[in-house]
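Only one structure is covered here, and it is reproduced in the block below.
All chains are identified by letter, namely A, B, C, D and E, in their written order; residue positions are counted from 1 within each chain.
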């Protein structure tokens, strides 16, 4: 597979490691962001075809068979949505972090274990 | 009421009368014999008659309530009834009583009728000793009924009938046909149970004259007591007749009946009753549920294997 | 209830010794006298009574020690139709075994009253007649017959079992003769007996007649 | 035709606009909010209706291109059902939440609208990525709405949720993109046959997708966050999450099934099953009401998942309607009940389930609560019942018995904690009132009515059901509405209903069934008279009673196993609720319902097996089964548990004792016979089955005689009068079972004869005790005494009943004993006969005890002025008494019909000569015995009466008392520990081994639950690790090659 | 430590689990059916030069609407979450922005706005589009916030613009439903000549609306987070 997707998966793994081992909420959120980034890389890499160009009709591609020269536009479209959604979730996570900090003046995940069993 | 019924009733009354006389006499005789065993003269043979007359002739009576009043009635009715449901003499119309009413199970259960009624009457007296006696009596009864019932079941299996008359009929002919010889284990179990039933030592805890004056009838006196004593004679003889019928070949005439019941009674009251100390209630319960019950079980198993 | 309906209740006892809430726990009828049935019937019954004497031994005094040998094979009271009985309800002869202290007189009265008539009392030993060796004791009763009617006294300190048997024989004769009517006497002179009893029993907490 | 796309347009438009309108006027904004919800409801209802009418499903192509080029939506009948439910819930939840919304912010409304829209989208969309978008929309709105209750707990829970959600969306997205890569499309329909699954990567991608969705369904153990959310969020939101969101996700999984390789289905089923069982297990230890609901929610979704995955694996599915019944029933049941319960949790405002007792102050709320609890457990008349029935039937038919056991075990656990909770709610000791507002109350009520309606509809869908069998419920509802009537009038109405019902039913029944009809209905009618003595206002008593009694009748006329089981369950529930009415019956009722349900589930499993073997649900079909041992064992065990056979009797004394005094007679005299009836029915249908070479009837016989023995023995040692009678009942039932097991003409005659006599004397005894206790405020026998003077009428009836019970001639009880021994000896069961005889002598101990300790001996000072109980207690006693005397006098009155009824099944082995009944062994003439007894009784009685003049009636203390006077009645009455010596001798047999055994089992189960819930540490990170572990385990279990 | 080790193990297993994606899925060389159609027929059907835009706005328009909604609810949700001010306020140290920042931003802000508008209006022609444009707009706003710490955006105005643009988006969608093939079909307007600003049907309009809406939503988020004191 492409290097990009491998890179993406490595990022996902790294992000996951961060999310699962870091006790600080902000660091966990960063971990999540890294996962997200890796994910976006993986998505983009799916659409990539070696030697082809972005699917925009311009002078450079005029007259060529678009079907043979363009990469897949769908993953590019999807990744945009994914980015926006990731953004939204990250923003909410951060707001949650803010709210949680207000209650306990702490950002350690172990400090929020009142609910259990 | 037709003539058949009248004759039946007449026969029953005659039978009952004779058996009451014999029962009281038997009691007197046994008292005498026991006294002789003790090395005493003992009361006269007719002493039971005197006691009953005296008690019935008491001028005052008290009653604690209706059940108290009826208790002895239940008791004596049960005694009479038990006797009347047993065919006392094989082949005799006078002594066949009302045995057409039911089989051996009826007799076994009718015994409880009086015990329950008596216990209720005693209970109403309000005297604590009465229920203590009742409690002991009932407890002991549950225990000695086990070997007895096992023996009866064994008999029922052996003779394939529950009818007393037929059981007696099957034992006719030779002394070796008696159940005590054909089914000795059942007979042994039942005889041990009889010791409990008769409440002689070692199973006399129920009436325990020393600790709880006299057990259930502590408050009974005068005519009540007279009736209870009468019942003791009748009921006793009823049990003996039942045993005689079940295990000792029954009787074909009154003399045989007298002889056989006398001997059975001698066994329980003199041979065992005089010679042993007394069991506590739980000891007697455990006793009955151990070897006698085992013997009864063996009797059933052996019979059913045959 | 069906009992006692037909009989007119003459009077009721006060039962002053009882607390108010206890009064309904005890019967408040006084004793009454009873007539015999008919001359001959009564004779027969008296004979039966005389030959079936069931005794209630009241063994406070030393006299009771002499009652025990009666049951043994040596004296064998059973042959005279005498038998011990554990409850006053069933007994017909009340044997007071010696002196009666003020404390026990209450029990004596109660037991006597609970016996069913006809009932007979044998006072055993000198103490019951005149106090005997305790005649000047602060705590004993000198004459038992001030408190319950006595049929037979057996004098002696203590009387031997043979004397007791003789006493029983005397009692039998008295019964057969129809003279042993202590219960009726007690009922007739109930207020006198009761007054005597109450005079010495200070903590009277029984009904006036113990049925 | 409204295009369903307008659902999105209107809700989004409103969402965009709300903020603006709010600036103008908040009221308008609110109006728009509700209007929007109404519109989307209208659209979905419209489509639902259209599709029902057979119109074509709506296919919506956005952007004017056909799939797979554009995103398309699909609205078929399944989608429509889910949409309708989600939107209805959305609307009512909004009504419920309105006050909260108004207080807080218009933003909440916006988020709410978008959430509902997102759920709609999840249901309709056919595009993978679009699905993802909608998933995120619902997740984000949920994250935000969690803070509706702005506190530490909800926010921590929310954060845990976000972490889990983040992981889920990552997995989902990876799966999506690889599916696109491998399948060349994002459209579900086009992916199905695109060959994606040919590669390991394709399967992995599918797995990731499915797994992500699965996590959204909160499977055990990767669901710690979900529980926290349920516990902490506003109940209105929790209702949405538990019902609407879960519904949508569930539907998505359903949509995905065609895409999944078949190897996924067992995994899904396994996960569902594990979730179902373990969530219920952990729920046992839970005391927080909302968290409890969370456990239950998760469990229910697990069950649904398992059911779906299992159904999809069936080789031979009977019909579409059974899928609808199973999935639809389970789903709707969970959907409505869970939402309703969460709402209720919001209304009650109490966290601890023990504090829910305040709900008892508000009967309508209590009713609703009870309804939801019953629905959740899957009891009739709610849809879950039909679903579980059908599920078990279909599982059995497809030879998945293991699954039947898993589901039944889980259901039982769930029932335990839900009923425990309900028990706490019923027992009111507080005066605190619940503030209810119509806006909060109405949605709850509407959902309950919906459940009821759908439950009733279930009768049309399930094969073998009949709406007649739910009619009693209708009658109950009517009576409940008529609650304002005076009690006696209500009672009379009940009585009339029962009499009319018997008049209609009894002639239609055959032989044995008819006899049991008499026991059930006439017995109940007589016992109903007792209830007239009630003075207080009491809600729900008669309605429950009438349902119970009529269902008893229905039990007899049941033609199919479903009808039978339905009536059986009705009786179980109503009797449980009636027992629960007792003052201190909490624990007893819980044990009762636990055992009853366990029994019922055994019956259910047995019927499932029968269905597998015969393929029909008709009861008569059972007769054709060749190898019926297992079915006999299962059904028989179920019936025996209801009887309270030894080993399973632990529920019995408590239930009998703690039930209200005038209900206990029903339990003992009537209800206990339903187990007997079941056994007889079973024996009629199955004969004498053999299992692995063992004669099952032989075991049954021993069980019966042991029950008789232990029942009698235990009864002897009781101080509590009702407990004594309860054990006595147990013992008597033992005889009946023993006689039944003999399986001969004589045996059955005995059994039915005993059934009748037991009805009579136990009826008397329990009614008498009820009357007694109405006067004497204690159940301890030694605290009574001497009551014969206070209540002579009661004493006489008790005396007669006791004589009949103990089997002493001349009364009817002896007939039973005689028949029993005759039949036992005839069969050759000698040892059993011996033990039975022993038991019957032990019975004397307690028989005497009742009479003595209560009625005889020394009257207590405190009870001196006690009066005879109300006439309503006396009348039924004397009606029964009349019955006993009649039967005793003329045994053929009852024996002849019984014999002829039994002759249908066996050749008669006894015959009559006048009044004498003659068996092969002995004979018995009840009439003669009676006459002789009366004769011999009269003679001494006359003599005593002749001496009556000498008699003085004395008072209670006129006893000889060692020359002293008695001091107090309490110390003079010998009644406590009456059979101390017996206890010393045989007490070792009466030690509560069985109770300890079951107690240990309960303890172990609770401990296991407690152990497993330690998984939920409360740490959001740990929960994420759980998800990861769960992912890996599931994947490696799947073992993709 | 043990927990970390376990986590490491788990992640390693996860990596192992993902292996098929790396090993089995080889590099693409061919467009699949859907992509092929987009690439070849897209320009003709929609008239958009930027085919990614065509996919985003029209073919997968519903996704985009959803995306907008996600942003919208994120903004609303953040506002909702932060509805209550902190009880314990720890004011961040306030200081005015530097001269360089202020001058620089004064210079950059108009350019950024212009650039943003350019990006979303030309989304159908060149790389970029509504989201990108919106973000550029937001960066202008961010710059403004940084340079003018005291100034506030008119919350009312941003919200109204946001709502109205959202409604317009929906209206265009409905127009597509009524006038053309389906919801969000951009072809109800003339396709025009490819490469012109006013071409490709409603795509530029949609993208503009998206741009404005995204910009306003992000500004809203920034504004809410900015005024927040922890």
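Quick note on the criterion: contacts are C-beta pairs under 8 Å (C-beta built on N, C-alpha and C of every residue); 3 or more make two chains touch, one makes a residue touch a chain.
In this text, all values refer to a predicted model and were calculated from it rather than measured experimentally.
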(request) Would you mind naming the chains that touch subunit A and likewise touch subunit D? (result) E
(request) Please state which pair of chains has more C-beta contact pairs than any other pair. (result) B-D
(request) Return the chain label for which the distance between chain Cα mean and whole-protein Cα mean is smallest. (result) D
(request) Would you kindly say which chain has the C-alpha centre located farthest from the C-alpha centre of subunit C? (result) E
(request) Quick one: point me to the chain whose Cα centre is farthest from that of subunit B. (result) E
(request) Averaged over CA atoms, how far is the centre of subunit A from the centre of subunit E? Could you give it in whole Å? (result) 15
(request) Return the distance between the CA-based centres of subunit C and subunit D, expressed in whole Å. (result) 71
(request) Could you please state the distance in Å, as a whole number, between where the Cα atoms of subunit D are centred and where those of subunit E are centred? (result) 55
(request) Compute the distance, rounded to whole Å, between the mean C-alpha positions of subunit A and subunit C. (result) 114
(request) Would you pick out the residues of subunit B that each touch at least 2 other chains? (result) 58-63, 65-66, 69, 213, 218-219, 222
(message) Two-or-more-chain contact residues of subunit E, please, as numbers and ranges.
(response) 7, 10-11, 14, 18, 21, 23, 25, 28, 32, 34, 38, 59-60, 63, 66-67, 70, 73-74, 77-78, 81
(request) Would you give the residues of subunit C that are in contact with at least 2 other chains, written as numbers and ranges? (result) 1, 3, 34, 87, 89, 211
(request) Return all touching chain pairs. (result) A-D, A-E, B-C, B-D, C-D, D-E
(message) Under the stated contact criterion, what part of subunit A meets subunit D in this complex?
(response) 12, 16, 19-20, 23, 25, 28, 32, 35-36, 39, 42-43, 46, 74-75, 78, 81-82, 85, 88-89, 92-93, 96-97, 99-100, 103-104, 109-110, 112-117
(message) Show me the residue ranges of subunit D that touch subunit E in the complex, using the header's touch definition.
(response) 3, 5, 8-9, 12-13, 15-17, 19-20, 23, 60-65, 68-71, 104-105, 107-108, 110-111, 114, 117, 121, 125, 127, 129-130, 133-134, 136-137, 140-141, 143-145, 147, 150, 174, 178, 181-182, 184-186, 199-201, 204-205, 1025, 1028-1029, 1031-1032, 1035, 1040
(message) So in the complex, the part of subunit D that touches subunit B is made up of which residues?
(response) 786, 788-789, 792, 799, 802-803, 806-810, 814, 817-818, 821-822, 825, 828, 830-831, 833-834, 837-838, 841-842, 844-845, 847-848, 851-852, 856-858, 916, 921-925, 928-929, 932-933, 935-937, 939-941, 943-944, 947, 950-954, 956-961, 972-975, 978-979, 981-982, 984-986
(request) Mind listing the subunit C positions that touch subunit D in their complex? (result) 1-4, 6-7, 21-22, 24-27, 29, 34, 58, 87-89, 107-108, 110-111, 114, 205-207, 210-211
(request) Please give the residue numbers of subunit E that touch subunit A in the complex, ascending. (result) 4, 7-8, 10-11, 14-15, 18, 21-23, 25-32, 34-36, 38-40, 42-43, 49-52, 54-56, 59-60, 63-64, 66-67, 70-71, 73-74, 77-78, 81-82, 86-88, 125-127, 129, 131, 194-195, 221, 225, 228, 230
